[in-house]
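Got a structure here, written out as structure tokens. Questions coming.
Note that the chains are named A, B, C and D in the order they appear, and that numbering of residues resets to 1 at the start of each chain.
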């Protein structure tokens, strides 16, 4: 079997006395949507930060396309084709939508005009065509999420890391964004997503990893994972109801 | 391209001033204003486009001034060459300070403080080191020949500094129309997001700081060549750090013409204040300070922001003034 | 080109440049109609040097008032002072020269501070505009070959030499009680330059320099400096500081009970200052200074002192130096017979003016430097400042060594 | 190389000087700890306080030490008002704007003082100005020894205020977690202003301790402000004990480096420490790692 696009092996990270991630191992197959779920404070975002180069792991390795990328800085990873979005959206508030996306596009286009043209095209695809010259600060939450996606996409990634891209959206907005993610996958982009909206996880992902207290406690296809007693136990409390509701849906 | 045409127009208008019967007093006033504008444009590259607020641009101004002066006086280097080397030395100091600070991840208040401290260290060193003439300062020999980069006519000096300012305007324009500029503004707006999009933030900031330092150093070189005397307080004193920042912010940080118009306005305000109050010591500076606070409070994009708002108000009644939206 | 760039004030109005509006009424000319001579009076009345600048302006304006009260300059009418503020920076000084030139002044008096004088002399030389330095001790001011620049007062070289000569005389007269010296100086142009001269020449005169301590301006605390003095225990302490630091140093020495045989300053910022003597009589007691000082036997000087003190101001050296410099320039203009720059320069070159209040004798300029200019030695005695050297001008005998 | 005859008094003097530095730094660090900005107006406010102390003595004959009890509340109100009505609203909650606004205020205050009182240096002469205490063959100026005591008391009071009062708890809450504090009903704008007021009140006390042995002119505060920055950084931005220890430490360093390197270069010692700490350990020697 060929090596997966991304392999994370036994990575650990602690902050002060807190073990945020403890020897976690997971992988993302090419062309698939992989989900990373877990209760609040499980260490998902830290794990993402290590994969995308924002945080250096204390131990373990990250491999991508057969190369060791452990501890490489984010901009190099972006150049290799790993793009990410942030849980709390981080638009360049003072720039217009077009300029925002162009920052991403510049990675593949040196010239300003080429980058702006590419940005315009992507903005249209992502449904931001009407707002090209608006400042990013003027966008709604849903608009900013789309912008975040568009910007990441403009770097022409092979692997897209989505950190709770659906959080903060209302159900109708979620219904709008889910097909967008599918479309991205259809372009041949592999996706790894952290998600709380279980409904979306169930419908989008092909493989799920469950992180709890810094450890991967389960993995497999979504249906199997959701039935796993360890997962239910990890989610017990405020998370359990959500999971069972999702399972029933 | 329209902006580029604006640059040509503004520079052409300014270049015509000596052909009117403007007195040397006016020319001298404009020379100093343009000198400050140049220093301010240097600050603008790093602070305005890059969002890194330096409180110590004197470090670059002073290095430019001292290298220009000391090379001529002590080593007999040709003035033109000394001028160029002064700019290079300023850029080098910028690169070194940038490498140290950005690698340590200093931002915001920390960055402001550390730049201030570097400028102060240089000031103290310059006030005791024999090579700078220590406390006595360095005096460039009066030698009104073109080879010595000194001119009998104020007008020639004026055109020279205008040429440098014009170049700095073109640099600002190029920043706005390049990948480097896009990355730089992205870093200003949100460094983490920029890094995730493939921007090597440290390198971009370092590049901006080097360029910024070179431009401000050019202002320092010109100062030395125009006034022919510098000492530690003039070259590395906090006055130039403050003026560079002030003109850029008041004119409009992160805009092409901000520092130029800011410098002209600030200097005019100072003259006007002294005109109205006689020689009331300090009042002109009170006005500078007040202008800074007022601009930050009510016109966050400075003079250029006000101009833009007025223009857009006339062109189409925009439902949402962009300045507020961007500021929020 | 330079000739075409106008001299007429009307040409201001023609200019379309941004920035002209503010320049129109510059500088602050006390305009008078009709005949008269415009005289540039340039001082740093704002910024770091503003106290000295304001004192200097005071002296200059008193001189102008007195001259005008007596009918102004013979044949030319009243003097119209054109006041300028150098803002304590060379560029500020240069800007004022440009404005004054545009305003058509016949000559400029003032400067105060070596860096300003350097810039001003050079700017004025572009227009062959006569410039009389009031106080600016760097010798570079008059050694650059600028034809327009004159210095009424003494420069570093002369001051240091006089100070040394007098120190030796003082010591010899007292039976050579002093052998060792410590120098405390501020580290900018004036203090460093002086310290260098002293270091070059004191050993040859039989004094051993124990240590030279530079310090920045401002210095917040002199306890360490005084501790060092205390440990080295020199016979003589030579301070060369600006006013604030001088006061701190003298106060700290008093506090730490450090009493050398003499505190002998050269251009001491506070040593020959009535303000210091009045505010800190104990710290000032017996301090000697080699500095610019008026001729205490000159009736005009004493009248001026009375006048200044009546205005609630201290009679500082800036006042009488500028007063004298204005009188000197006015005399030269009178001799020139016209507000013609070249003629005024010629008149200054041949000037033998005696109407000033300084102990210099008749003026005689060689390469712009007044040959007779020299500092005198003063000492704080019984809450007053007395001249102790040279004997010809002395108002009191020196008290040396200091009584314990 | 230097005998203990010099060394010991030099260290003692350093401690005395450092105490006043510490007090100035206390105000600065408090403001930084809560508002997360460097207050560039700190030096100018110190100058204003020195003028206030000078004039209360000159005009009303009130002893500076007594005046501290009146000037501290007065400057508290001044600081409160500045933050509440000028700095806060003008900077729209943006850190960089706050830097600029405080810089602008510094320029305004310093030059307004210059305009009002001109540049001449003023000193007061109180009867204890020259009184000394003999320690180990050297003499310590009595006013500076009193200063050290007063600084320790102020630091203790400040510490008690932060630990024991409701306002202190609110200040600490805002410093730690602004959003959370806001959500739990704390008026953040008020707490910001309270903090700024406290920091400014520290300056009033420092001014009253300084004036008997120092002088005042419109630029005098600048001489202290960079040192205060250094102490704040060294002690860990926002740390009260850090500022105290840092102040004393810097006082001694300045004193000793002045002794060994000369007064001019001695100043560099401080800045080098400053830069080094910023580059290597920006959280300071006593601060927590970010």
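Rule of thumb we're sticking to: a residue touches a chain if its C-beta (ideal position, glycine included) is under 8 Å from a C-beta of that chain, and two chains touch if they have at least 3 such contacts.
Predicted model, so just to flag it, every value in this text is computed and none were measured.
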(request) Average the C-alpha coordinates of each chain, average all protein C-alpha coordinates together, and give the chain whose average is closest to the overall one. (result) B
(message) For subunit C versus subunit D, what separation do you get between their C-alpha means, in angstrom?
(response) 37
(request) Give, as an integer number of Å, the spacing between the C-alpha centres of subunit D and subunit B. (result) 32
(message) Counting only Cα atoms for the centres, state how far subunit A is from subunit D in Å.
(response) 48
(message) Nearest whole angstrom, what separates the Cα centre of subunit A from the Cα centre of subunit C?
(response) 74
(request) Identify all positions of subunit D at which a residue touches two or more other chains, and write them in rising order. (result) 114, 118-119, 262, 264, 267
(message) Residues touching two or more other chains, restricted to subunit C: which are they?
(response) 46-48, 50, 187, 214, 216
(request) Give the residues of subunit A that touch two or more other chains, as numbers and ranges in rising order. (result) none
(request) Could you please write down every pair of chains that are in touch? (result) A-B, B-C, B-D, C-D
(message) Applying the document's contact rule, which stretches of subunit D touch subunit C when the two form their complex?
(response) 2-3, 5-6, 9-10, 13, 17, 114, 118-121, 123, 125, 129-130, 132, 138-139, 141, 213-215, 217, 219-220, 223-224, 254-255, 258-259, 262-264, 267
(request) Within their complex, state which residues of subunit C touch subunit B. (result) 1-2, 5-9, 11-12, 14-23, 25-26, 28, 45-48, 50, 83, 85, 89-91, 94-95, 98-99, 101-102, 115, 118-119, 122, 125-126, 138, 140, 144, 146, 186-193, 214, 216
(request) Under the touch definition given earlier, write down the residues of subunit B that touch subunit A in their complex. (result) 177-179, 182-183, 185-186, 188-190, 192-201, 320, 322, 325-326, 328
(request) Would you mind writing out the residues of subunit D in touch with subunit B in their complex? (result) 32, 36-38, 40, 86, 89-92, 94-97, 99-101, 103-108, 110-115, 118-119, 218, 226, 229-230, 233, 262, 264-265, 267-268, 271-272, 274-275, 278-280, 282
(message) Touching residues of subunit A toward subunit B in the complex: what are they?
(response) 52, 54, 73-76, 78-79, 83-86, 90-95, 99, 102-104, 106-107, 109-112, 115, 135, 137-138, 151-152, 154-155
